[in-house]
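Next, two complexes with chain A in common: one pairs it with chain B, the other with chain C.
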Partner chain A sequence: MAMKFKAWLKTITFYEILVGMKATLKHLLHYRPITLQYPHEKRTLPDSYRGMLALLRYDDGTEKCVGCDLCEAACPSRVIRVISSEVPGEPTKRYAKEYYMDMTRCLFCGLCVDACPVDALGMTREYEWAVYDKRQLLLSKPQLLAIGDRSFPVREKRLELQHPNVAFFNVAFKFMPPKES
Partner chain B sequence: MATTTTETVRLTIDGVPVTVPKGTLVIEAARQMGVMIPHFCYHPKLKPDANCRMCLVEIERMPKLQTSCSTPVAEGMVVHTATTVVNEAHKSVLEFILANHPLDCPVCDQGGRCDLQDFSHEYTPTTSRFLEVKRVFPKEYFSALIETQMNRCVQCLRCVRYCDEVMDVKALAPSGRGTMTEIKHFTTHQLDCEFCGGCVQICPVGAITSRLDLYEFRPWMLKRADTVCTYCGDGCHITIQTKGNDLIEVNSAHGAGRNNGDLCARGFFGYHATTHPDRLQSPLLRRNGELVPATWEEALEFVAETCIALKLKHGPDAFAGLIASRCTNEDLYVFQKFMRLVIGTNRIDGSARYGHINGVRALRRVQGTHRWTVAFEDIVGAEVLLLVGTNITETNPITGLKVKEAVKKYNATLLTIEALVPAIGTISNIANLSAHHFSVHPERFGNVVLGLIKAVVEGGLVAQTLTQRAPAYVEAISQTLRAIPWETLESVTGATSQALMEAARAFVAARRAVVLVGQGVLRTPGGFGVATNLLDLLLLTGKHDRPGCGLAPLAEENNDQGAVEMGALAEFLPGPSDLDDRAARERLAGLWKEELPQRPGATLMQILGDARAGNVKALFVVGENPIGSLPRAAQAKEALERLELLVCQELFLTDTARLAHVVLPACSYAEKDGTFTNTEGHVQAVRHAIDPIGESRPDWEILSALSVLMGYPIEYGDAKEILKEIRNLIPGYGLLGPAPATPRSDEAVVERYLREGYAEDVGARYQLTGAGSFDMAQPATSSAESDRRDAGKVKDGLQLTLVVGQTLFHSGKLSTRAKGLMEVQNAGSLGLNPSDADRIGVTDGDRVRLVNQAGEMTTSVRRLDRVPEGMAVFPEHFDEEARRLLTVSVDPVTQVPYCKSAKVRIERL
Partner chain C sequence: MFELGVKVAFSLAQIGVVFGIVLLTVMFLTLAERKVIAWMQDRMGPMEVGPYGILQPIADGLKLFFKEDIVPAGANRFLFSLAPILALVPALIGFAVIPFGPNLTVELFGIQFKPFVISDVNIGILYILAFTSIGAYGIILGGWASNSKYSLLGGLRAAAQVISYELNVGLAIVGVLLLAGSLSLVKITEAQAGGFWHWYIFAFPFPQIFAFVVYVISAVAETNRVPFDLPEAESELVAGFFTEYSGMRFAFFFIAEYANMILVSCIAAALFLGGWNAPYPGTLIGHLGFPHFAWIEQVVWFAAKVYCFLFLFFWLRATLPRLRYDQLMRFGWKVMLPIALGNILVTSIAAYLFPKS
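Moving on, here comes the complex of A and B:
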């Protein structure tokens, strides 16, 4: 009997609707908007945010990229195209003569960053890349380096100076560490 | 092969019983049953060295681990390749190797196809226990084509051993000790060798790489096409690797094709010719005296209309056609069909006319075949090899490798009749391996052959069976030879009768004898006669019908043999059958459903002569370049200038194409499908590697389109359809098997030759040649008196014989567009014996002037030990100026234009 009365009471007071509208009504009374007023307000990004890709440099300003094409091989959506070549004037040293990223296709999965053997690729926290012309999203090496320059102000030392025990990427003959006797 | 045994041995590898021939190495036995034992220094082509220690296996009842690459199998052997001990050994060896390896796989061109990389993934932990500083070699400039990065070297010495054992060049050597062993070349300046690329191909890691494609690719990007090299008659299998529409590299897998994976400089570094920026992109049509780009429709319609008008006015024999042997069989076949049916003339000829035809005609005349009766395997298996007039290591390098293998590996006796003398040089020289070398003037090769035959006849070495079978033939030859006294022969050959006798005896004693005759003979006056005499030599010694014996004329262009067999020559119909062979004509007419033209064909020189006389009005030239190939004395330019229509199908705007009324861009071998027939008569598939450059089309497609416009359609869907038609005509043509089915000599033809065929020119053939002219056979004296005499000579220069010939690094004019080959040799220089050079006082790089009555040229000098005194060699690929000096004479029988040598006076500038 008591159950029947309770159900009747809920029906006449529109209880279920009140429960459903609880959040709405609460916000009606305590007005505090959760929409961010982008672009005036911006969200705090998580540490592992995967934004725009960039090419990085060593602390002496030289490009890290050795043009090994591994990012191209790792990319699942064929964003990257590397045209590698010998560094002019430095025999047997390899670099990316041209480097293109077609960001219209990018999934921001970060596999290229994982694949890079010299950590020359980084994912920045940039995401404001809306453009009117899709062609502007085909980025070349200078553009990607510029993104890296503004996003990663702290740079690493050259590899051969970091690890004395490497004849790394055939550069060691130039920066040969002194032999310990 | 000479040493195959049928004895077998049973052993157990990883618990599986296996039976292999005696003498097999354990590593080979394992590979045959599918067990791959890791190795660096072992290679099937090389003798075991066992220096890398990677291939260790456990063999029961042997105290320690054994290197499987140097252990021959034994009866009852029990081998374990994957026990814990073996795996530990692999790990340790790799750890030692990796202790010094820079691990720069990401930038290494070998990364992705590197043995060290693969084995590391399979056998090693990811970390190393070595903390020491890695070995670093100072980088030195190596060469323009081959790059070394010694930090990556695993010191297996495969490159050094390949260079020595297979190539016989000996350009590389290890220097230093232990881990500091470094691969170096001998000179202080850059590497100077044959540039065969063998070291690049055989290096298991990335220590030796090609500089042409350095860092341009990663192995997984490359698309492969198995095709055939076009730079000589050897027909080497090559794999062209491409990225997009770019040619990246060429290589050849071990065991592939007739070359067994070996290549020469032209094959390995010469591939850029097809993508040269000068390639014709669109048809060119002459308007107001200038060649201007046109559309295909305009160009073809112009050709068709002009042809129809000319044919109505002058008849079909006012037309003629020339085709290069660089075209595929399909192109050659469609070309001759087009000329015979659409135009209605037999007046076609090809570049086999420059020499190869001499060999083919001799074979047909004496033994009724148009191909070799031997194959490359027979060269390797021969007991005695006679090389006549062929600097084989330069002209046909891969056939040369077979000769080297026969001599070095199977101890064959080598007899050489060559102008060049044995000398140590930067490239290999077959005369160095020769047991009986006769160095004579190029026009006197035939004299030494006569000497050999004389020695056979007078030394009582004539085969018994032949004396009984054809006494008149033997008598006729011995009679003509008796008329030539030994003294005269000795004086014109410079060889003693004893030496000739010994060589003849060595030749007769062998069970398997192969005679290789090169362009040095076939392109000099009397070439046809010498080729026939060499067949006489085989007949007289009773070898012509023995298995593994025969005459092998070496073709210069890749499809010379195919041009003969497709009937793209003046005297042949497809087959080849003779042009006046009634049965063949009827058969062909039945298949083509059209009567063949009756009137005789015309050879290259006749066509040019008729054009000069104004009888030939229109000429189709497919890939041929008579102006660029013939000396000025042949007056090819004057002939072609008189034509009313000159149509050229070309890759580049050649000297001939510049005169053309219409130039149609054709595809190179890398862009079309088809087949090539190599010098031994093996038909091999050509497959396209890249898309056609510009608007170029395959030659047969162009001719097919023309035939449609001219109202007599010869249409095919693709190259395969043409091959099908060729197979209808020549049963079994192009069975693309692993080895050619060599024909046997036709006994009926031999019988006819022995009875009466020989008689027509036996007197003319058995004559000494070149007597009385400049005497190279005189041994050089270095006494003070002769120096003074020579000093007198110098004032008015030194008399020399200029020979324009092939070099190792080029082939025809096409290879001069290949940037890799141009790095090695980018201009012609005059090869001169050092003592001749001293006589006129010049050293390397000095300029000299060559003069004769025909003209003069200037060039620079290169001192070469292998060039004999009294001779000067100049590469024909850069002979723009040299062609002015050359004279031309035409063979009375085969109509071959002989235009490769001239007498000149040389003086210092």
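Moving on, here comes the complex of A and C:
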């Protein structure tokens, strides 16, 4: 009976609504906004941020990519198109003659970066890539190399003992068990 | 002839001032609403235009003014253009009988004027009710003429909702009218002078607090505001009855909605909260010995009451989710209406037992 009366009293005094209104008023009085005024202030990105993709070079300026097409095969949304060919005059060495990325489709999963046997792909921390014409998001090799150049100033050293024709395969590099000795 | 000229000139000046104030308030409200709701939700609201975004309403107005005016294919052109006007005019026309300040008379060239009310019609409140109902036509026609299912559904919902809650507004007011014995807003407000215990919300012989609650809820519903914003429920109907509107026509609907908010706030202040009367007998400025300037304080009191009421609108919007349609109708007909009717009954018995002087 008392319970029923209490419930009835709560209904006619709009108790629940008043509780809700108290909550909103509390937020108004203790005003602590969580908004980030985006173009003026930017959040710090985590270390593993997966942003714009880029092609990388060795420290001597040569392209890392050996045109193996593995990234194209790994990509779930068919972003990448590699047209690989022989390096002129060096029949055993290949490189990507053309390399296209249709960034409108990319979902920044990073599978291509993992797939690359020579670490030729990298993910930068760029994300402000809004454009007025979406055709500008179809990137070619020079553009991707340029992104890599401006985002990764420190380049990997080309291994001294590496024969110029042999790629340094490191597919499972980070998953290798530690050597016992 | 001269007398008529002066009268017309004075009335036109008054109308201009009231329109200016109302439209300025609408501009201010658009910003205030966004800011208040943002603060309640731990956001910042508009911050880009001007310091702390205070020039946002001007930017919005300019933007709307230069937007393309689209008439959808298959729309009824005449009604499509007529609807925003039909919505806006009744919302603005109601301010003609609102008393913004004390019932003074000023003498100019031997002719008497009332500076704080454009025209003290003796059926003021009836006039407002009549015109706000016409506003519903603007919404319904706008929804129908757009030739879009969302608009049509929004218009239909608006029709049913506005009509059923209009009834509750009218019935909630009747109690006050019984106590005041007048339909003129000026007379009703004057009858509440002398301290807040004379305001009709608390007044002897029967406090109209229930009527006030019914009025507030119905007013929110009548102006299509959250939590009763079903006609423009953006999660279901895109934007309801003004889905297809753009540019200045959209702005008309927008202004109409905010002007309606101000109007119902003014009515609530005048009918239930004592209008321009201060919550203590007389006025502070009057007690200090400047009775000629007492009107300043009284106008401020009126504005303060209206703004408190408008704040309540924002507050509700920031707090409550939208009602379901059947809940809305059931609430209106099965809860609000009986309360309003019962209030009329009790008030009339009380008014009969304790007749005014």
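Rule of thumb we're sticking to: the second predicted complex is superposed on the first by the 130 of 181 C-alpha atoms of A that agree within 3 Å, B and C clash if a C-alpha of one lies under 4 Å from a C-alpha of the other, contacts with A are read in each partner's own complex, and residues count from 1 in each chain.
Keep in mind that, in the parts below, contacts are C-beta pairs under 8 Å (C-beta built on N, C-alpha and C of every residue); 3 or more make two chains touch, one makes a residue touch a chain.
Not measured: the values here are computed from a predicted model.
Student: Specify the partner with more touching residues on chain A, choosing between chain B and chain C.
Tutor: Partner touching more chain A residues in the overlay: B.
Student: With the two complexes superposed on chain A, say which partner A:E128 touches: chain B (first), chain C (second), both, or neither.
Tutor: Neither partner.
Student: Let me test your reading of the model: by the given contact rule, A:R94 touches which partner, first (chain B), second (chain C), both or neither?
Tutor: In the superposition, A:R94 touches chain B alone.
Student: Give one of first, second, both or neither to describe whether A:D69 is in contact with chain B, with chain C, with both, or with none.
Tutor: first
Student: Report for A:D60: first if it touches chain B alone, second if chain C alone, otherwise both or neither.
Tutor: In the superposition, A:D60 contacts neither chain B nor chain C.
Student: Just checking: does A:E41 make contact with chain B only, chain C only, both, or neither of them? Give me first, second, both or neither.
Tutor: Neither chain B nor chain C is touched by A:E41.
Student: Please indicate which partner A:H27 is in contact with in the superposed arrangement: first for chain B, second for chain C, both, or neither.
Tutor: second
Student: Check chain A for residues that touch chain B in one structure and chain C in the other, and list them.
Tutor: The overlap between the chain B and chain C interfaces on chain A is empty, containing no residue.
Student: Show me the residue ranges of chain C that touch chain A in the complex, using the header's touch definition.
Tutor: 36, 38-44, 47, 315-316, 318-320
Student: Taking the complex as given, what residues does chain B use to touch chain A?
Tutor: 102-107, 111, 131-139, 141, 147, 149, 151, 214-216, 218, 220-221
Student: Which residues of chain A touch chain C once you look at their complex with the stated criterion?
Tutor: Residues of chain A touching chain C: 17, 20-21, 23-25, 27-28, 31-35, 37.
Student: How about chain A: which of its residues touch chain B in the complex?
Tutor: That would be residues 66-70, 73, 84-86, 91-92, 94, 117-118, 164-170, 172-173, 176-177, 179-180 of chain A.
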